[in-house]
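After this come two complexes, each holding subunit A, first together with subunit B and then together with subunit C.
And now, the complex of A and B:
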């Protein structure tokens, strides 16, 4: 079962059109909810005016004054209100102020436009530098949402002694997740057995995050809140933290109205107000000896965290840990800060801080190679981490790591040497098309950073059903990545059953335990490992209670389960996360095993630049990765291909244009994601190296492919065009033209 | 039940069309999109709403066999026409070859773009034409997918076209 390309469990329903996404759920008598938002980035809310010509008495209206529990969204730091009240400070342009609901969707929209907010504007911070300069102070005592320092050795004495010291500054822009299904929530709040029962159905990655947020919002105990994850039309992190906000809003309207409420964002609202990838600025300083050995590395890594902390502390943490890349270095200093600005809070997006810091490091290595007059391949080979080396946090590489072999495989697959030689001959010729080939080498930590897994202490289980089949009990959600199928494969493997006899239970907090959020490349490796334990416990329970004799056939197992369920009423077995022995992490010093293991990769890209239009075409792409054992090759390849597409988009086209702290290209027409004609065939190669800590040897895979494409593509651009200031993504045609003009103008 | 505004203009209209092989007669507001009528009035929720501006292709339906973005197509224009939604492809639960190709090739991830892409591929197959690889990519470029990088979608479409081609050779009309 593990290692087979089992067919996607819910594929048939999706291709028949019968899969039920949130907005598809039939809910008679539901009201349509809408959100009234601030349009200024910062100010004091003085009044809400309700315009004429609207039958306001027919509307359900919710303001901050109505909130029954705590007006703060439960997150890493509870600093974001659900709604801003009169006299309170508005801190970004999309801040929710008023919720309204009506049975007539069109009238509700008309009403939203009839509301006028009276806001006393205050000066706003709209970029990283202004925030660092405290111009003005908008958050805490220093505008910092989080600050992290990682130290290894002492770089200070090295700068003066080293043969070469090379500095660089790199920037990355915000990026929209652009799941095709916009954020969507349904809610019903009604009394049940004399107690208020809050139920939310939604497009959400983390049911227990929303569950926790609703408990706090309404001041209710666990049992009175229920969250159900519907079929999800993509997420990529964009439905990790935000659903706690809009889930709360839907529930508030349902509670106030006493009716079911649909809160379905249209695309413009979704793009303008929901989370994005954090914009970043990274300054790197590296020292090399005369032979190109890396001696010291200093990184100043800054994320624009927006108006509230939300997930920024943990995004920063992952970015900081990945900032030193895949290189051995005796002296490292990483200073990481997430700064506050008056912009809608960014949040989780596939990669979670690592794409930003790895873009800087992998661009920097190519620039260093050029300055050292070394080949980019040779410079990396000299400095790659190997077994026994220590990373910036002091983590010792305990696995047999062969990054040089991984890199060689990718370079051979794309024909790196031949192409470089050929382009060196053809690029100087006349004609607008210049070609280049480049690559990046990188890693992605599997599971939560540091002690995250211990804090969550995930639980997952296996349940026998009356028909003798087995259900997986986990709160991990299916967002297209293949969780339903992979979990079934893992459990089927542990029970030695065909995968058809195992399916996942609906993700409903009334039914499934908290297996943690569906994030951080953790579902297969972390939750899968717990399920493996639970499945083995389940089988042992059947044997010990006399229902099952070993060896067994699938038919005898199914009969045993059916018999046990009939006799006992129900049969479930749970497993829980236990920290593997030998893993140590200190949250204060940032020393220790930042992750239980890493997935490793080298991505290579070939580009063709048209100097008449400055359009960039990615002509070829190779993705080679070591992700432990591959559970389902088709689904795994799908993860890599999709992640590469997003990474290329981030590197070349996807620009969030901001004006006064508001996204102004908040439509699919002018926020450009790749289409089928914009991408080449992506060659995906897996090198398998079973990891003892994962189910069947699997490691994490989901985020890895987001980290490598942008630096590989921009390194290829440098190969095509020569030394330009290619220090930023997206490298749009405008930006590329500007960089070329810098050189031609001296 | 025609309502009139002050200028005497009718805002409502009786719409007759065929949806998935069945005749439908329904009174609509002339401002309603075909998407809204299909989803909200007729409960064909396999038709997805992704952008409302004709950009993402998730709302694609076949109108007299041709793919259209139902979000920017007035329902009134569908009068007298034949509409096929994703729900209208499989007969008695049996997947069409295009649907099978999408499942088998791993061309489905989150599934939100899937109904539209499957319908556009169906139109390509039904056209009986031959398509080069680049033409397949171009034909499907009106469908935004954020999960797959399009590779397996293109693979599935090419497989369905290939199989239809073989079937046509075996059973010439």
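And now, the complex of A and C:
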């Protein structure tokens, strides 16, 4: 069970094409919903004009004036309206202004094009620096969506005394999640027993986020709102916060029309208007003594948060906590800000702020090694965190941590020393191909940052079914990561049953409790742990009530469950999150245990650069990680390989091209994600180190592989090409040509 | 799914031409890999389609009596690069064909559709430019045969008369015989991508001298172009590395590269030069020459 590569629970249905995704759900008489958006980055909406030649009387139309409850999307900060009303300020180019629905989708599309918005344009802020300069002021009193300061010791006296002070500035671009299934919602709003009942079926990661948003939008109590997660074609964070917006839009149209409404984005709309990874700018200053010991670190970490706060405060928080990387440092100051711009709000994306700050730190360590004339391996070895050390937030490392061993394993696997020596000989020869090898060392905090888990207080359970099998009750969703399978393995292990006897109940808020959002690499470790408790409680209940005698066989267990369900009508057992003893966190001072534990990794990349075309090929890749105990090796390796592919894509190709606050390459043909032929062999190595927090010692794994590839690849590039200003991703051929010319022109 | 008002599926070419003469507003659909995307984007809304799929023999690749290779307009790219005649006589066209899209797209996308779509990035276009190919166009009234370079009128625009269909692509014997060729598609990723630049080169080498050289560039200007200055320079010259470098420099002449978010002008011009060098060097090698310095 735990530790076995059980077959993916929903795999067969997906392969056979029988899995039901949102747009597949049969719903007779459903209307097709569409969204009319602002198109200008900032302005005042003066009027909505309905063009001629459209039978507008046949359409369901929803504007801000129709909204029955509160016109604000429930999130960390409730600042984003579902729809902008006449006279109100438009703050980004994809702002929804009008919703329309019709049975004929082609006519609906014609109608959407026939709407003309009269907007009085205002000057817009489109980049980080203009926002910091308040050119102009667009949000609150200072254009800041969130500001965080983390302090340890006092770096100020160190700068003057230190043997070396090294500074650097690093930038990362926006990135699209590029799930295969675009965002999709289906809604029915109808009276039931005299009360309005709002139901949304959708492609969504966090049913209770959408549930909360619908309650606020309609001003309804919990019982009158139902959210069902359908089969999902990928998410990567892209269906974490946005479904509260489009779920609300679908429900508004269903409510106004009295009919079922589908709101299915096509790829172009999805890319243009839904959330992306936050662009970032990080300035680092580090002080070292003459031997290369890190004495002080100062980080100025800035995220472009777009027009509304959405999840930026928590993305910023994770990015800030990860900013000092995996190094021991007595004096640290981290200043983190999420700034407002007139661009569509970014949101959650695998890694959640950590890839940005870790790219900066791991590039900076290579820069420091170069300036200190030290080997990049040795510099890191001198400064790695070890058991007993304190991190920037004052968190003490309590586990036996051997980063040097982890790094050595990765370097040996890729042949780092031999390749460095060989490339040093071959690169100076004529010929356009230059080779290099590089690496990054990093961590990813498991679960929510700080007190997040305590605030959510997740509940999950186990239910006996009439046929004697067991169902997992959790609001955690399957987005391809393997939740269905891993949860079944965890419960099967706790009950000593074959995994075939455990399956997942449909993720429907009428049926499953709030096990929290499916995010933050938390499902296996956090929800899995709760399920382990629930399963043991379930077994004890069977024993205590005389249905089951120990020891038992799977057959006798199944018979006992069937008997209990027949006798009692239903049998469910729930567990709830409890903060492990000894964990402390202060939300105000940002001091304490930022995460219950961390996964640790070293990724190494070999690259070949063609100096004729400036193309970069990643020739080999090794991913070594310590993730506690691996629950399902095949699924875990799949997670790592996919994350590495996404990380390399972010590092080399994936560029969100913006023009006047709008994404202009919003198609799969011009937003370039790598295909299998663009990627190297990826060698995945797990080092296991049982941790008490998760089921069977598991830690979080989902986001970790996004953090390391970009800095490893760019560090390898520097090894191939020598010192260049390689401080930005994606490092496209065009950008690389520019960097090389900077050097040749002095 | 698509906003289509009618679909005509004639069984013969004569029937197709008659329908098209009577209804010149119809949109011709071949493999559909471009037309359906435009419809998906809401362009061509409510269009009527004239499909050529049911017409027999339009997808054939043949060697005509005079040595001309005739590629039917409806030949899908998979058939072209797998075809014995293409492999043997014009492997460079096979190279261009297999660089296009991915396997699923190549199975349905046709060479005629690729050309008539008018995209400057069409992988087959620059190669057919270099091969001095001719296009056989037919209407109900008759046929005309025009050189490739008279076909492109601007980005996405081709010179087709109302009611006119592209029936075949003709590669005359002198276009391919005894020629070494090479096509380089340059794109950010190695599959499922659109060319940032396409360079097609064919050349005939005798005693290590250029008898003939032809270079076609895609995405270097608003329409595919030939590099006549470079070609004239090469004629009769001995193949040396310096000569290849000079050819590549001259290949820049017809280019009208511009900056866009995809690539800067500088980068595009740099690419034209280095890839022309590579393509010429490889074509020379395949043509039996040697440009070692």
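Rule of thumb we're sticking to: the second predicted complex is superposed on the first by the 746 of 746 C-alpha atoms of A that agree within 3 Å, B and C clash if a C-alpha of one lies under 4 Å from a C-alpha of the other, contacts with A are read in each partner's own complex, and residues count from 1 in each chain.
Heads up, the rule we're going with is that a residue touches a chain if its C-beta (ideal position, glycine included) is under 8 Å from a C-beta of that chain, and two chains touch if they have at least 3 such contacts.
The shown structure was predicted, so the numbers you read here are calculated from the model rather than taken from an experiment.
Once the two complexes are overlaid on the shared chain, A:5 sits against subunit B while remaining clear of subunit C. Of the two partner chains placed by the overlay, only subunit B lies in contact with A:16; subunit C stays clear of it.
Shared-chain residue A:370: touches no atom of subunit B or subunit C.
In the superposition on chain A, A:733 contacts subunit C only, with no contact to subunit B. Residue contacts after overlaying the shared chain place A:675 against subunit B and subunit C alike. Shared-chain residue A:234: touches subunit B; no touch with subunit C. With both complexes superposed, B is the one of subunit B and subunit C in contact with more subunit A residues.
In the overlay built on the shared chain, the residue A:657 is in contact with subunit C alone; subunit B does not reach it. Look at A:266: by the touch rule set out above, it reaches both subunit B and subunit C.
By the touch criterion stated above, A:328 is placed in contact with neither subunit B nor subunit C. For the contact definition in use here, the residues of subunit A common to its subunit B contact set and its subunit C contact set are 266, 669, 674-675, 677. On subunit A, the positions that touch subunit C within their shared complex are 106, 109-110, 113, 266, 268, 612-614, 653, 655, 657, 659, 664-665, 669-670, 672, 674-675, 677-678, 732-734, 737-738. Here subunit C touches subunit A in the complex through residues 3, 40-42, 45-46, 102, 186, 188-194, 261-264, 266-267, 270-271, 274-275, 277-278, going by the rule given at the top. Those residues of subunit A lying in contact with subunit B across their complex are 5, 7-8, 10-21, 23-24, 26, 177-182, 231-236, 266-267, 479-482, 634-635, 637-638, 641-646, 667-669, 673-677, 679, 681-682. Listed in rising order, the residues of subunit B touching subunit A in the complex are 43-53, 55-56, 58, 85-87, 89-90, 95, 99, 102-104, 106, 108-115, 118, 134, 137-138, 140-154.
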